[in-house]
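The chains carry the letters A, B, C, D, E, F, G and H, assigned in the order they are written, with residues numbered from 1 in each.
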Amino acid sequence: METPNPNVKMWQGNVACAEAALAAGCRFFAGYPITPSTEIAEVLSRRLPMVGGNFIQMEDEIAAMGATIGASLGGAKAMTATSGPGFSLKQENIGFAVMAEVPCVIVNVQRGGPSTGLPTHAAQGEVMQSRWGTHGDHPIIVLSPCSVRETYDMTVRAFNLAEKYRTPVILLSDELVGHLTEKVEVPPIEQLGIVNRKKPLVSPDKYLPYELNESDIPAMANFGDGYRYHVTGLAHDETGFPTNNPEKIQVQLERLNRKIDRYRDDIVEIETHYTEDADILVISFGSTARSARRAVINAREKGIKAGLLRLKTIWPFPDREIEEISAPVRKIIVAEMNLGQIAHEVEWATRRSKPVVRVNKINGEPITPNEIFNAIIAQD
Amino acid sequence: METPNPNVKMWQGNVACAEAALAAGCRFFAGYPITPSTEIAEVLSRRLPMVGGNFIQMEDEIAAMGATIGASLGGAKAMTATSGPGFSLKQENIGFAVMAEVPCVIVNVQRGGPSTGLPTHAAQGEVMQSRWGTHGDHPIIVLSPCSVRETYDMTVRAFNLAEKYRTPVILLSDELVGHLTEKVEVPPIEQLGIVNRKKPLVSPDKYLPYELNESDIPAMANFGDGYRYHVTGLAHDETGFPTNNPEKIQVQLERLNRKIDRYRDDIVEIETHYTEDADILVISFGSTARSARRAVINAREKGIKAGLLRLKTIWPFPDREIEEISAPVRKIIVAEMNLGQIAHEVEWATRRSKPVVRVNKINGEPITPNEIFNAIIAQD
Amino acid sequence: MKNISEITINEQWCKSCEICVSFCPKKVYEMGRFYPIAARPEDCIACKLCEKLCPDFAIIVTAPEKPDLNKK
Amino acid sequence: MKNISEITINEQWCKSCEICVSFCPKKVYEMGRFYPIAARPEDCIACKLCEKLCPDFAIIVTAPEKPDLNKK
Amino acid sequence: MDYLQYLRLDKMPHIWCDGCGHGIILKSILRSIDKLGWDKNDIAMVSGIGCSSRTPGYVDFNTLHTTHGRALAFATGLKIANPRLHVIVVSGDGDATAIGGNHFIHAARRNIDVTMIIYNNYIYGMTGGQVSPTTPSRKKASTAPYGNPDEPFDISRLAQAAGAAYVARSTVYHVGRTDKYIEQALTKTGFSVVEVLTPCPTSYGRRNKEGTAVDMMMAQKANSVGLERAKNMSEEELEGKIITGVFVDKDQKSYLTRYNEVVEQARNAK
Amino acid sequence: MDYLQYLRLDKMPHIWCDGCGHGIILKSILRSIDKLGWDKNDIAMVSGIGCSSRTPGYVDFNTLHTTHGRALAFATGLKIANPRLHVIVVSGDGDATAIGGNHFIHAARRNIDVTMIIYNNYIYGMTGGQVSPTTPSRKKASTAPYGNPDEPFDISRLAQAAGAAYVARSTVYHVGRTDKYIEQALTKTGFSVVEVLTPCPTSYGRRNKEGTAVDMMMAQKANSVGLERAKNMSEEELEGKIITGVFVDKDQKSYLTRYNEVVEQARNAK
Amino acid sequence: MAFRYEVRLSGSGGQGLILVGKVLAEAAAIYDGLNATQSQSYGPEARGGASRSEVIISDGDIDYPKAENIDILLALTQEACDKYIVDLKEGGVLLIDSQMVTKIPEGNFQVVAIPIIQSAVERLGKFLVSNIIALGIITKLSGIVSEDSVKHAIRSRVPKGTEEINITAFYTGIELAQKWLDQNGPLNT
Amino acid sequence: MAFRYEVRLSGSGGQGLILVGKVLAEAAAIYDGLNATQSQSYGPEARGGASRSEVIISDGDIDYPKAENIDILLALTQEACDKYIVDLKEGGVLLIDSQMVTKIPEGNFQVVAIPIIQSAVERLGKFLVSNIIALGIITKLSGIVSEDSVKHAIRSRVPKGTEEINITAFYTGIELAQKWLDQNGPLNT
């Protein structure tokens, strides 16, 4: 037996998410229980009061999302967590957060769908919903962790991106990662690079909460800071007040979308293994990427030139990275626990110029390394 | 002055929708008011009681969707109508209708988004949400009318498809069409080809509500018909009861998706103008297609070989039709009141093999024929 | 020293609902062609009911410096 | 003619919660190793409380054809 | 009576924990139905999601297991579309009063012709013991590790204030009373609610050191006070007590009656 | 007092119809705030969507115009995150009790430290006159062309049953009373509700032939009965009457107090 | 080629211009056998602010249903006039309420100024019928629909009980237009 | 190359097998410096039915965290045994409760049958500690983690106040395993 390192924890993914939120500065959590995300709420109901933060279980997911936005406007870093059905319910208010540019983190620990589906089983069916679930054109940032440690890191990153870009960020986990217990060496807080929202430097009478500035990211005053401004989900101008002026609306909505687009290189993260000389490229993300990695290693052991591209950022979609890395390969395999949501985007990115083989499963069971390996070695 | 034909009406799109629903056999409507869809509810609150049907205004959109599904299970053809924010709220229960295979019609009269956005202005921002708004992998049918008359026809068709394929169908209208008053010659009811759900022919003890049969569409008994079965949003087997068996789940979910995929040729409808010899193809849908049509006519008048492809069915996506029709053209223009949701799919369909020019507008103003015309004549 | 109320009506904001005209206990107002007119300001007892009831922030009543509340 | 209640316990369904044992007013049941046992069926007055309270549909009490309700 | 004729035997034994009171409530429901002699084909049972909401899966009626909290919305549509059906909604306290609270008060306001049986176990059982709107103050739950800061809802009072035609409360221990209330509710025109307190030893009892299901039912016995008696007790005396009884039983036109009247009137006016 | 200091003058005149009572309520709110001498920086006004919910746009506070029905949810998060703020929610009857009904009863149950002013005009004004949960029975609305079949909610009764600390009802005609109630509500710890009945001549009055705003306010005057007097009146006498007064005013710990207590206790136990 | 005639009716919300549009379109489409569309655009909000209602009349198909090249523009308020004049075609007709619109924008078009609202108040005692007076004027000036058709359309669209006063208002409008034409000579159309 | 050791713990919901998995994984990862993952799969519903908990232990990275090629399978019920035997590797160890699992599936593996539940009830008077007895047996049979590490992990994971009885149960398991080995000779591992 070794003397244990106190920073090394055996944590569930959901526990790591909760702990990371605290480390990132989260001081408000509003939730509504739902399998398999509930542990995040449970841990935070115990831990937040210890650090002077607030936990509240709301009457439903809609209210939880509303309270999260309200708390963020009040100055707290705020988070909510849910799974499929609850994620559907939150959509209207997620759209509000996008439109009003309120930083917050929404965790979706995916389970089998559609509808009540498979509450205790993993799936990756909300790739598209996390992009398009709320009405109207809008940008969004979505990150997807494949391990407990990465759940920690990405939760911190989700807060950082939310604050930096004044936007909601979705952490798209899944039941497998959320319920997996795994070793985590908790990084020291100094290494987390905590980002806080940019506060206005001007006096209140000069403050434009939706300013068209050079960075495209307006500074954000908290309610009570002495800046008395207006926040609405209606189309608004720089002042935050509703407008009907088509020009003003167009520039604001364009800025809203550009704000994420132009920083996509800062937001998009991928990871590659053995892609340099690969002629078969496996693309995967979240828990399924673990199987993909093993399949690729197995293939390499058999002398097959397989490589892995793992998407850490799902949206904005790493299309350019995919196009570039897949350029030399002969075939692409996309493994995901859905019916091909990422595969469709990969086909777009690669102009359907080469075969994109889909390894899909939606019955609650994880995709095994072997299933991916078989796709690698299949003659097609 | 001529003697007016009693079948010729000057109707708003929303009125045509309501009247068509009655003609299609709709006898239950549950709604919650929201601009610009409210007239549908208003007309039906007056008209349904006249034909022995029921109108109910529920406490919110979630309840309206739930009541619609409940009524359909009770044997009524049922509909609900809403706009952006309400459409977001309905998503969880839409997923239930998909999973439990309950026929019903959901109308979304699109307005400017995201969030509260532009309540009284037209947009087409819910193309992707109507496909992916609810959690988990699922199929869906979405139709998009461009005129008042087509609103009538497509509402009838929406009911017919819902009953035929035992699925919710979304009618994706927009403020412009919904509030446009236009001449409609109401077709005689015999011409509507009314379809009713397939009832079980077997005795109750043999009835499998989610039977894996040759057609992929199980027969549907109404509650009270003497078939006492179970309906759930959980993953279930042929009997309708929840199961955890991966094989049974996989076959059911595959059937659910295949049920729409394999009949896509029956479902997909497009319309073309001057595409035979076109070297510039304009693709559009809904109200924007009206501008596109004029732009194409104007271009033809100037001797430019432009053609129009109008999508009447949005989902399943007319990818094959687009690929085929666009094959000979030099450039594609996609005009839509969003940031390129259809354009992205068009690029997929055409393998990004030729320029897809986007004519987009999201400020509440319609895209004018001239804006599209300019894209047609632009040198690129 | 003023000894009658000063009644200001903001015609930019007034929407002519006639609430002031109807509810003034002293019938100080009359309806003009478009806007109310403080026809009898001398009768005003500065109860400010009109000010409070005007939904449009269109009336400001300034009481006389020493309002004569006993005035008929 | 039976003159004591017939008590059937479905051990496939019983979950050993001991509700029957605890609430029978006549203490007819005793807990066995895994399942309750109707140890004193002769004391049963066929009130069917156990049947009603068993959450698992595991008890059926059939009253004697002419239940002797006066029996101690 | 023969319970088994109403059960889907292939789904038994049910999945509820040992000692869970949900089965006791289900039996009360079945006894009442049996007494009324209703045809199984004419009964629809609708639920949301939760342990209690599994009930429809076990009974041989037309059964509908909807989304969490929304049973009343579905039931409203079902009843209106097919008024011949006896529509019974079963719901947990969370399902009925947390996420479903709005549908609950609106069903009561509308006086829709549906009977709702609420299985109140003070907790979210199915998801493992999170705090519910009915968890008593200071009691522990997995999301209230320091004790519930909130005051609970009084479900019956809420139903009454919202306009229900029949409102009663019982406990699983008081099985005779429960039977009676459910039967009254089922035969009531309009919206009727029976709240039955039921032990959840697994997710509530254990965490709050309330012992086994038997202990919890003993506590029900000890702490229940009939409505009449409660009227003469002080607030302090009532602290921690469960008031049982029929809170509302009034004759008022139901939704369907009123809707038909209004429509009839409109038709005649034409 | 000087109302203008609280208004965003560049947004005036407001958009409410001529005779709409919403402006009268707003003035009552501003008078109460002025009397309390609160700093504008310390006030947050939160609304949902509706004509009434436009109020925040006109006042120079921290203002938040959320989604329809959800103001209380946002306000709850805001208040908890920044307890120093005086959080005032303004809401229409539809916003508060139709789509927002659940948040309403839960805010009351939690006794969250927020004041809610409900502008009850019996109708959905903004969307053009659809039936609301407070539309009186048989009255007409664009979605109740034959008359509303339903019974309306009694908002104050609902708030009371759900647990609010302060509940009062007034009308815009009774402006003095309204001022008093709003001031009491604003200074109450916990969840306080003031329901103010207000004429919507455009979407309600016209369709129901209730005349102009003046006529509708005259009717308020004629039909209002103070709570004390109402207690001695029969149901029949009360038919069609508006009962005004303070229904609840009790001292009970607010959400923030209770949450802090529980946490403190947990910390000390450590 | 098919003709396309564009009418824009502008003023402030609540002036009943949507109804006028619908009546005009119905007259053309139902009674005159033409095609017609009517659409509207609301202010920033459902009520208040400048608002417009548009009618397109054609003997062919009407694709784009919004006005771009307006034949006749009615402006009942200055704000509406300023905001909506843009699409009035060269030589088109600007019909204004002579009391409400006092600053006439520059441009190459024919102006018809008539005290519409005042006429409604003075001649019919009802502010509310200004819209139908305007409809009468437009019917006369444009000649695009027959008076009889409009009359029928009015009957079918206005609230029960208000038919007569509206018909009277309509003829008042026709009369005012005739008077204007008599005084100013015919329009170029 | 890195080794990978797979343990599957199966039984019915509520038997505490998730805890066992977590303790085992923690012993390996925190105290023995290896890598370890623990995962579980629930029945159709959150409770009841056959359930499993899996631990993977390795000195390298663990990618796929589910068992595929099981070294040791614990089965506390017949249903679990039948359902979860599939992935037991050739020559692997099937550890069963000798009273609960009476029909041993066919296959090429070594069977260790011990009356685990009975031992819990009889020797410790607590049905509930069967899981920790099983943990002791697995620790001994597998040799994959040190007894000390497991002991520490137990202390850190079990509910306060139950440490001692659980440690006793753990050593009971070790003892039962030792007895079995003494009687049946060593396993092939």
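The definition used in the following text is that contacts are C-beta pairs under 8 Å (C-beta built on N, C-alpha and C of every residue); 3 or more make two chains touch, one makes a residue touch a chain.
Treat the numbers as computed from the prediction; the structure is a model and nothing was measured.
Engineer: What is the set of chains touching both chain E and chain F?
Structural biologist: Touching chain E and chain F alike, sorted by label: A, B.
Engineer: Can you tell me the least number of steps between chain A and chain C, where a step is a move to a chain it touches?
Structural biologist: When the steps are counted carefully, the minimum from chain A to chain C is 2.
Engineer: With a step meaning a move to a chain it touches, how many steps does the shortest path from chain C to chain E take?
Structural biologist: 2
Engineer: Using mean CA coordinates as chain centres, what's the gap between chain C and chain G in Å?
Structural biologist: Those two chain centres are 39 Å apart.
Engineer: Using Cα averages as centroids, what's the distance between chain D and chain F in whole Å?
Structural biologist: 58
Engineer: At what distance in angstrom does the C-alpha mean of chain G lie from that of chain E?
Structural biologist: The computed centroid separation for chain E versus chain G comes out at 60 Å.
Engineer: Residues of chain B that touch two or more other chains: which are they?
Structural biologist: 35, 49, 59-60, 62, 85, 92, 96, 115-116, 119, 232-234, 242, 244, in rising order.
Engineer: Touching at least two other chains at once: which residues of chain G meet that condition?
Structural biologist: As it turns out, chain G has residues touching two or more other chains at 43, 45-46, 49.
Engineer: Multi-chain contacts in chain D: which residues touch at least two other chains?
Structural biologist: Counting only residues that touch two or more other chains, chain D contributes none.
Engineer: Write out the stretch or stretches of chain B touching chain A in their complex.
Structural biologist: Residues 62, 84-85, 87-89, 91-92, 95-96, 98-100, 110, 112-119, 123, 125-126, 128-129, 131-138, 232-235, 244, 246-247, 249-250, 253, 257, 338-339, 341, 344, 347-348, 351-353, 361-365 of chain B touch chain A in their complex.
Engineer: Which residues, counting only chain B, touch chain F once they are in their complex?
Structural biologist: For this pair, the touching residues of chain B are 31-35, 38, 41-42, 45-46, 49, 55, 57, 59-61, 85, 115-116.
Engineer: Using the touch definition from the top, list the residues of chain F that touch chain C in their complex.
Structural biologist: Residue list for chain F touching chain C: 3-4, 7, 12-14, 16-24, 27-28, 31, 172-173, 175, 212-214, 217-218.
Engineer: Note which residues of chain B are touching chain G in the complex, please.
Structural biologist: Listed in rising order, the residues of chain B that touch chain G are 1-2, 4, 8-10, 35, 119-121, 176, 179-183, 290-291, 293-294, 297, 366, 368-370.
Engineer: How about chain D: which of its residues touch chain E in the complex?
Structural biologist: These residues of chain D touch chain E: 12-13, 15-19, 22-23, 49, 52-58.
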